[in-house]
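Should a chain be cited, it is by its letter among A, B, C, D and E, assigned in written order, with residues numbered from 1 in that chain.
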């Protein structure tokens, strides 16, 4: 579902007409997004309109498919996933997506608990919910390793549970869906969660036990196919996301969730 | 004892049974005959409480089915065995399991179930097929399984819906003998729906003819067949007989008593009437021996024959009186 | 489960998101079931025809069909969507959106439908088939005039169940940006922790289930005897 | 023409048909009788190619079924109508749709289908039930639908598997008359499996008795019933007859010729033998009139009776010779 | 779809992840199908008993059962997982993990199974039921000794289909940390673009489908005639 009442059918049709008009500089743009970034993309539409673009968005509930769609030119670009995720996708699928410079922002991730105030308080073999998608599992594990609670093997790029070399506290990591970590707060000793999901669940995302130290390593930005990297519309889109107007909107709407990268 | 009083039943908007009145004594074997679609099976299912009726009373073994409760109905049915026209065997149980089912339902002892079902299968001649599935049986074999099943609970009333229609004469006889024996020994009441007149004659005490939902005749077997009401004629049809030239066919209804009195011999030897037999059907029925004899005599001997019959109390009918050889309908 | 009515965006979303999503779900369900039914019937017919106990036993064809159906059924739908996305692009020109979602949904549905129909046809009284053979009915006539026709009530009941099952599956269409009620329940309800929204959509889905079941039962009763 | 040569068929490990040899002329009505489970239905299904057989040849209307292709089989079956023992109606088609089905399959004109199926339903007396579903029919009604359906394609061979077993005598007669008429007018060959001897007598030209998978007797109807081979006795069973004291029962097999010669009258009037009729069954069969007559005479008249019979060429059997009144088995 | 065998971690993961996941899937499938079958049979029996055409028509009970089944069927499984998590917590003490996943899976499965069984029982020859009544079989005897027993082949076929359907559904159990093959395929294959891993797991699932179908058909053939 998309937000504009007339968008729903229009977006699908536009995707198909886009296909044939791919070579010429498009004035009509379709940007893929998901629930997490939809409000922001929606806010960008009027900014782009001022610049003479007719922009719509298409909503996905699956992160990978936004990249699939961009790569096969079913949509023009996307604003959703972070850079390492995109790079991984490129490598595995021989795709040529690029994240436009400058990046836009990053969203924080932290470890939360309703039972304990700190990791030290937690008992041997405490259960910890961790997100089951590749990028966020790595990122979540690195929060623990950066804080010195576990040791990850040196030679892996994207760590999984199998790459934990030392686990002195015997933390018992349980993989689950992104938002499900938040939902399992009362069943787990601790959970790894995005600030955004904590906020959406009506919980205080500042109340983390520990948080990630390098959010800038996971920047989000406008992603397009490489051949469009120099297109004016792509640059204009980046500018729109970074405009004061949108920053103000994001601060207001997401309550300081997004940390803009300058 | 079965008493049916003003029983009325309809499907949708058509009347199937109209004011049926019947009374069957305990231990009687009662025949129910009638055209295809007359309502015989429906009436039988009513007696068992399998079919609800609209109005009227139906009292079977002291139980009034018009006002029976679910619970009573179950116990009631234990005493009423039924053999269905379409057998209604369970497809997924083999022969012996089909026969055992009623006993299983009434929690008979395992051992007893086994011995009893084997004994029943032996009675109907299917012991060698005991492990066959119904789909591997011939039509008559299926019917015999249904018969064995219906007898398994030692019912005090047995309802047979064309229970021998798929059986050869010899097997039919043995099944009928079985039923008659059970009837005699255990005094069970049996209602027999059939279209085979020989079945009716050989085991029934009384018989009713049902036509288009009504009972149109009811009497002892001998009377029904000898009186040959219109109802019976409608049912069994007319037989074509060719009549020789200058001859008259006379139909004689004969009973055991006539037979014992050598009536035919007397006709020939004492009265010197030169008859010839056109058609004859004299059979041993359950209780007596009776039947019809069609003789033809020369036209000028008709009066003498008539006189002889009247003198000896033999029922007769002149079938034709015209002199030309012709095909006529006789019944 | 506490429902927080203060925070819900239900009222705002009802006309803008939920209504179009409802229509999208109906369209996807309709087309994927129709297409699934068509393909499924054809496959079922060939299964019944070529099965070892069938009218024209043919081990090879039967094995291939059986294998294909089983293979498709072993794909988790989300993986199926990815696996067949090149095919989807060839068929509808894009791998995203409502039209594109119909392709994997159809592909996921037809094996289930085919099995249902096959199963129902196998339950038809063998004697009736024999009778049809006795007056020289061709194999296709036996399939269409006897097997399919006699199995119809059972097939209708199966289709009702399948349709309801796939109403829930259209949820997965959100993965390829096709929208639909399930996707809205997931994205705006589940992922945003807006429980009121989530349950509101479940109620809508429930009403749809009732309607599908009702229609199914109506047809079943109409055609049964 | 149907020629069966050394046909052998088994299920699992048991032989069902063993070296069957039969030859049925075109236009003949051929009866097949035998005990329940003898193999009658199986043989009939072989003739139609519905059942494969193990060895032997089966040539029907010039087609050898041992080596027929699928395609030929279909066209072959168009000419062979079959009435099934269990009716095999389609549950989801109403009466008229069931009758129409074969014609639909052979792409008859719509109009023709309609008129023809209504005409057929009229013939079997079910026009008023044309829109009923099979589940709303009585047993006999279902059977008549099956008959109408089997006739719909104007077959040149008709296979009837107990086609009248669920019908009352009158309806049976009308169906038999229908079959006989079709046979006469169109010269179709009919194979009739039945356990009703009256059916055999009234329409069959020839009859074969099958017992435990083998043909044990084959002859014209008159010969089969008058000769009363062991095979027939096995099939129709023994009738219990009570014999009066000092009397002997003599069984006479009578043919039309004897009947025409007033043999019974002569016995009484010319020979002065005081007989009494014990049981009689003389019927009109398709081609002649014949039957059995059991008479009892005083023991000292037995010789005279025998002499009379021999002089007049009447087949006879002494049923008992002991003097005491007793129940004996006669056939 | 090209497969990059160089980058796959399949070999490494096979004993450490895939094997335990396979066992987890088998356990979840087994317990949810068994429990679903038990609850589903009971519900089906009551449906058949109380249906308007049943042995003991009872509109109220029938309506309630029918309503409940339809309601549960209208939940997308992932939402069902969330919706019943309080119940799950009461039953197994937590809403996370393998045991917890069995609860929603069972609850999702039993209505499907109940409908299948109901459907199969409705197809049983009415005359056989009448015959059972004629010798005084009680309602429960008619249900168990006649209806369920006569419908068994059809029920087995339905259960086979349902089991295969729910094999795919156990994938969703990954959402609540229950692991299982589907979750591994998603997390370690799909999400990580390790196609070799993904297809390896699909092949394992496929083999499981074949085995389930095979067992189902074996039983079907055994009990059918």
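Everything below uses one rule, namely that contacts are C-beta pairs under 8 Å (C-beta built on N, C-alpha and C of every residue); 3 or more make two chains touch, one makes a residue touch a chain.
Computed from a predicted structure; not experimentally measured.
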A correct list of chains touching both chain B and chain E reads none
Note, CA centroid farthest from chain B's centroid sits on chain A
Separation of the C-alpha centres, chain C versus chain E, in whole Å, is 17
Distance between the CA centroids of chain D and chain E (whole Å) is 56
CA centroids of chain B and chain D: separation to the nearest Å works out as 21
Multi-partner residues in chain D (2 or more other chains touched) are 86, 135
Within chain C, the set of residues that touch 2 or more other chains is 78, 82, 153, 186, 190
Contacts with two or more other chains occur in chain A at residues 64
So the touching chain pairs work out to A-C, A-E, B-D, B-E, C-D, C-E
Per the touch rule, the chain A residues reaching chain C in their complex are 1-5, 8-9, 11-12, 15-16, 19, 32, 34-36, 38, 58-62, 64-66, 68-69, 72, 74-75, 178-179, 182, 197, 200-202
In their shared complex, chain A is touched by residues of chain C numbered 4, 7, 15-18, 20-21, 23-24, 78, 81-82, 85, 89, 93-100, 174-177, 179-180, 183-184, 186-188, 190-193
Listed in rising order, the residues of chain E that touch chain C in the complex are 1, 66, 70-71, 73-79, 82-83, 86, 112, 115-116, 119, 122-123, 153-154, 157-158, 161, 164-165, 167-168, 171, 182, 185-186, 189-190, 198, 202, 205-206, 208-210, 213
Chain E contacts chain B in the complex at 125, 127-128, 130-138, 141, 145-146, 149-150, 152-153, 223, 225
Residue positions on chain D within touch of chain C in the complex are 45, 48, 50, 74-78, 80-82, 84, 86, 88-93, 101-102, 104-106, 133, 135, 149-150, 152-153
